[in-house]
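Got some structures for you, see below.
Paired with chain B in one complex and with chain C in the other, chain A is shared by the two complexes that follow.
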Partner chain A sequence: MTKESTKWIIVFILLSASTVLFKNHLYVLIYASFFAIFAMSWSFFTSFSGYLNLGHVIFIGIAGYTTAIFNYHLNFPMILSMPIGVIAGAGGGWLLLNPLHRKISGLSFEMVTFLGILVLSDLVLTSYLRPITGADLGISPIDSLLSSFPLIIGLNLFMCISGYLFVRFLNSKHGKVLDFARKNTDLVKTAGLDPHKYSGLCLLYSGIVGAIGGVLYIHFSGSAGVSNTFSLSFQIHMIVMAIIGGRFSMFGSIFGAYFVILLEEYLRGVVGGPVENMIIYSIGFCVYFFSPEGLFPKITGLKKKLIG
Partner chain B sequence: MLADIIYVIIYGFVFASLYGIMTVGFSFICGLGGFYDIALPAYLMVGAFIYVKLSEYIGGWALPITVISTGIICLLHYLVFIKRIREDAFVVFFATIFIALIIQSIFEYFFTTSYIYNYPPLISGHINLLGVKLSKDLIVGGVIGWIALFGLRYMTRHTNIGRAIIAIPQSTLGSRIIGIDITRIQSFVYFLGGLLLGTGAYFYGGYLGVNSHMWSHPLIIMFTITVAGGLGSIDGVILATLLIGILEVAVVTLIDPRLRSVVILMVGLLILIFKPKGFAGKRIG
Partner chain C sequence: MTILEVKNIDKLFPGVKALKDVSMTIEKGEIRGLIGPNGSGKTTMIRTILGFYKQDKGDILYEGESLFKDDIWTRVNKGLSLTYQTPTYVSGLSIYRHIELGTIAKNIPGKRIYEIAEEVGLADNVNKDPSELTALSAKKLEIAKALSTNPQLLMLDEIFAGLSFEEGEQMIDMLKNLNKEKDMTILLIDHNLRMVKKMVNKTTVINMGVVIAEGSFDEIIEDEEVRKAYLG
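Up next, the complex of A and B:
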């Protein structure tokens, strides 16, 4: 057993143990796990390919709406509609974003993906598509995944396996080329390699995990609407988590998601919505402004200093 | 049909000038720094709220105070935040998203999320232009907008500071070598951009109402015009602002008001993909 796999097994055991300890807050922990999956899959492509993808919700949105449409309009059972959603989400999102990342880079890619999700959310909301997407009302009710121990154990298992595979990819030959391409694209091209092939692969893996998380999240929510699929605030939410935790580490994204969701849950009982957002965004800003690497690397660095 | 076309052209010109006032500072700032400052549309909202609250007490005198305060706020924003992180476009992008969201949350707390504030125009009444009814206040806004745009065009061609604004995006290193103080120029552009945002805030807020989410549509408009025009290009901004202004009014009048944002976003998206340097052939970064 490698050191990396041992780490992920420990994370899985810790997260599963927390569900037993805090069984009264199962619903909150499930949300945290969902967002950990989203933040980690976003961070995997964005942090390691050098392309800032503000349209990761495209994978989640296409997957979520597809499973909801098949389940609600065509009466497919959830067990069939979910794989269709994953294929549509991962495939459709990849077909949209892969050619774009080949054609444009830097801030232009960032802005295209940013505008892309605004276009998609506006399109979904137009009344022309109301018979299919339900416009502002969304698609509801669809078959639901209940808040339960098997669900959170399954989610944590999926999260840890995905995280482990992401790290394996980054440590592989493909990951090394990706790392070189991020630092010096021309160097990789001179070596006769196509850097976009590797970043495209990274995008696909990120999209598959995002799409699987997306279909599960939609069925857990019991409805598909813009707010839990294509919305900008949904995208920003997962970015905030990855940034607070540390976007260059898979564990950082998981830490960030749990930190933000638990803090939001605490603040909800103490202050109102705008103040809650203000505090979360202020923490995000302070972390990014003063410590762009995030909290998790800081904490592990501090631990190393103290323990030696 | 002819009446609709006249309506689209007249209102298109008026809106184009308002969008021009809002965008030209954003375009210069992005062109100079090689980054996108997402917080600027949020300062448009701040300006509009300053006017809403001040005008309750001092009436029309609130306008110059709004304009100057927005200029000072933008200058402080640059000196406190952006100056420290301006070398990394990604850091600026994320940090300014956070700033915009924090501002939005503060205004949601104090002014609620749903209430729309309206205020009477400083110049009341309407005129009839070729059968199209236009508010006098909006016409004044349009005229101020076009004067500001062509004034800035003159400044960039005939003054040293204007030439520096154009020179820096071409070569930051070259500009430093010939002795241009980039921090001073950027501070000036932030202040100028803030003055224009404050002016735009009054007209934009007066026409569409003021609320705590009003910065998102101007963000789309400002970004699309900047991308279409080419960064830091005043001629590009004038051309793009006309295109977007007329297109927006045409979509609302002739097709469907609900498609207003989608069409503008699609234009921005297509330009970014197929003509990333915009009309003026300049690109960020």
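Up next, the complex of A and C:
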């Protein structure tokens, strides 16, 4: 067993143990795990390919709406509609974003992905698509995944396996190429390698994990609407989580998601809506300004200093 | 046997015609010099050959096949390679990693990385960061990176720039050795005519995007138009 796999097993055990310890807050922990999957999959592509993807929710949204449409309109059982959603979400999202990232980079890619989610969020709200998407009402009710121990254990297992595979990818020759491509694309090209092939693969893996998380999230929510698929605030939320935790580490994204969801839960009872968001975003602002590498590397660095 | 044939190429940038109807033929195993004053189009020429720029007219043939539709990486995998005028590397990634990058596309075994480091004289530095290297070693890293792709035609952009006379001599020995032992064709672009003279079989002179002379070094240096281009 490698050091890396041992780390992920420990994370899985700790997260599973927390569900037993805080069984009265299972619903919150499930949310945290969903967002950890989203933040980690967003961060995997954005942090390691060098493309700031503001449209990661495209994977989640297409996957979510597809499973909801098949489940609600065509009466497919969840067990069938979910894989269809994953294929549509990962494949469709990749077909949209992969050509974009081959053609444009930097600010252009950021703006196009940002505008892409605005287009899709308005598209599902149009009256033309109302019979299919339910417009502002969304698609509801659909078959639901209940808040339960098996669900959170399954989610955490999926999260840890995905995280482990992400790290394996980054440590492979693909990851080595990405390391160079992120900093100097020409070096990669003159080494006889197509940098977009590697970043495209990274985008696909990020999309598959996002899409799987997306179909599960939609069925956990019991409905598919803009707010839990293509919304900008949904996208910003996962970015803030990754930033707070530390976007250059998979553990950082998980830590960030748990930190934000648990803090939100606490703040909800104390201050409520807008102030709650203001506090979370302010923390994100401060972390990015004073410690751009995020809190998780800071904490592990401190632990190393103390323990030696 | 002809390895590279540049046929009547033009390259235009906004407001500037950088290359005008340029033609050049390089034979396999040759060491060719490409010289000319600053801004004459030498770097544009090799960057067009490798595919950084697409020519607006004409064609470039490598081993008889047009490169027009090929991306940079495809050209590199066919056997072309280049070194950068300014040593180009990523700080924080070791010299080993830089050489390894070029071996990935062709699945060249890992032991070759150490062989290349040995060939260029960087064997003791493979774990170092490139930013720690001296000017000569940084140039050697450029050669090592190029060698890692297993090239047949190596294009060297100002490889002697920033090197002392002794360092230049060392570099010449290494390059001549590569040419002889690996039958590697070399296209050398440089301002240092003394070094160019010591290396090349044949020289092409370019000025304001136009080839003005071609022949042995001694011939072209006596050419009236070449003298005018250099001395005004």
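Basically, the second predicted complex is superposed on the first by the 308 of 308 C-alpha atoms of A that agree within 3 Å, B and C clash if a C-alpha of one lies under 4 Å from a C-alpha of the other, contacts with A are read in each partner's own complex, and residues count from 1 in each chain.
In the analysis below, contacts are C-beta pairs under 8 Å (C-beta built on N, C-alpha and C of every residue); 3 or more make two chains touch, one makes a residue touch a chain.
In this text the structure is predicted, and so the values were computed from the model without any measurement.
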{"item": "Partner chain in contact with A:S127 - chain B first, chain C second, else both or neither", "value": "first"}
{"item": "Partner chain(s) touched by A:I299 [first = chain B, second = chain C, both, neither]", "value": "neither"}
{"item": "Touched partner set for A:M78, first chain B, second chain C, both or neither", "value": "neither"}
{"item": "Partner chain(s) touched by A:N184 [first = chain B, second = chain C, both, neither]", "value": "second"}
{"item": "A:K176 touches, of chain B and chain C: first, second, both or neither?", "value": "second"}
{"item": "Contact breadth on chain A, by residue count: chain C or chain B", "value": "B"}
{"item": "Partner chain in contact with A:L193 - chain B first, chain C second, else both or neither", "value": "second"}
{"item": "Touched partner set for A:G273, first chain B, second chain C, both or neither", "value": "first"}
{"item": "Overlapping contact positions on chain A, where the chain C interface meets the chain B interface", "value": "none"}
{"item": "Of all residues in chain B, those that touch chain A in their complex", "value": "35-36, 81, 85, 89-91, 93-95, 97-99, 101-102, 104-106, 108-109, 113, 220, 223, 227, 258-259, 261-262, 265-266, 268-269, 272-273, 276, 283-285"}
{"item": "For the chain C and chain A complex, residues of the former touching the latter", "value": "50, 52, 71-73, 76-77, 81-82, 88-90, 93, 97-98, 100-102, 104-106, 145, 148-149"}
{"item": "Complex interface listing, chain A residues touching chain B", "value": "52, 100, 103-104, 106-108, 110-112, 115-116, 118-119, 122-123, 126-127, 236, 239-240, 243, 272-275, 277-278, 281-282, 284-285, 288-289, 292"}
{"item": "Chain C-touching residues of chain A, taken from the complex the two chains share", "value": "173, 176-177, 179-180, 183-184, 186-194"}
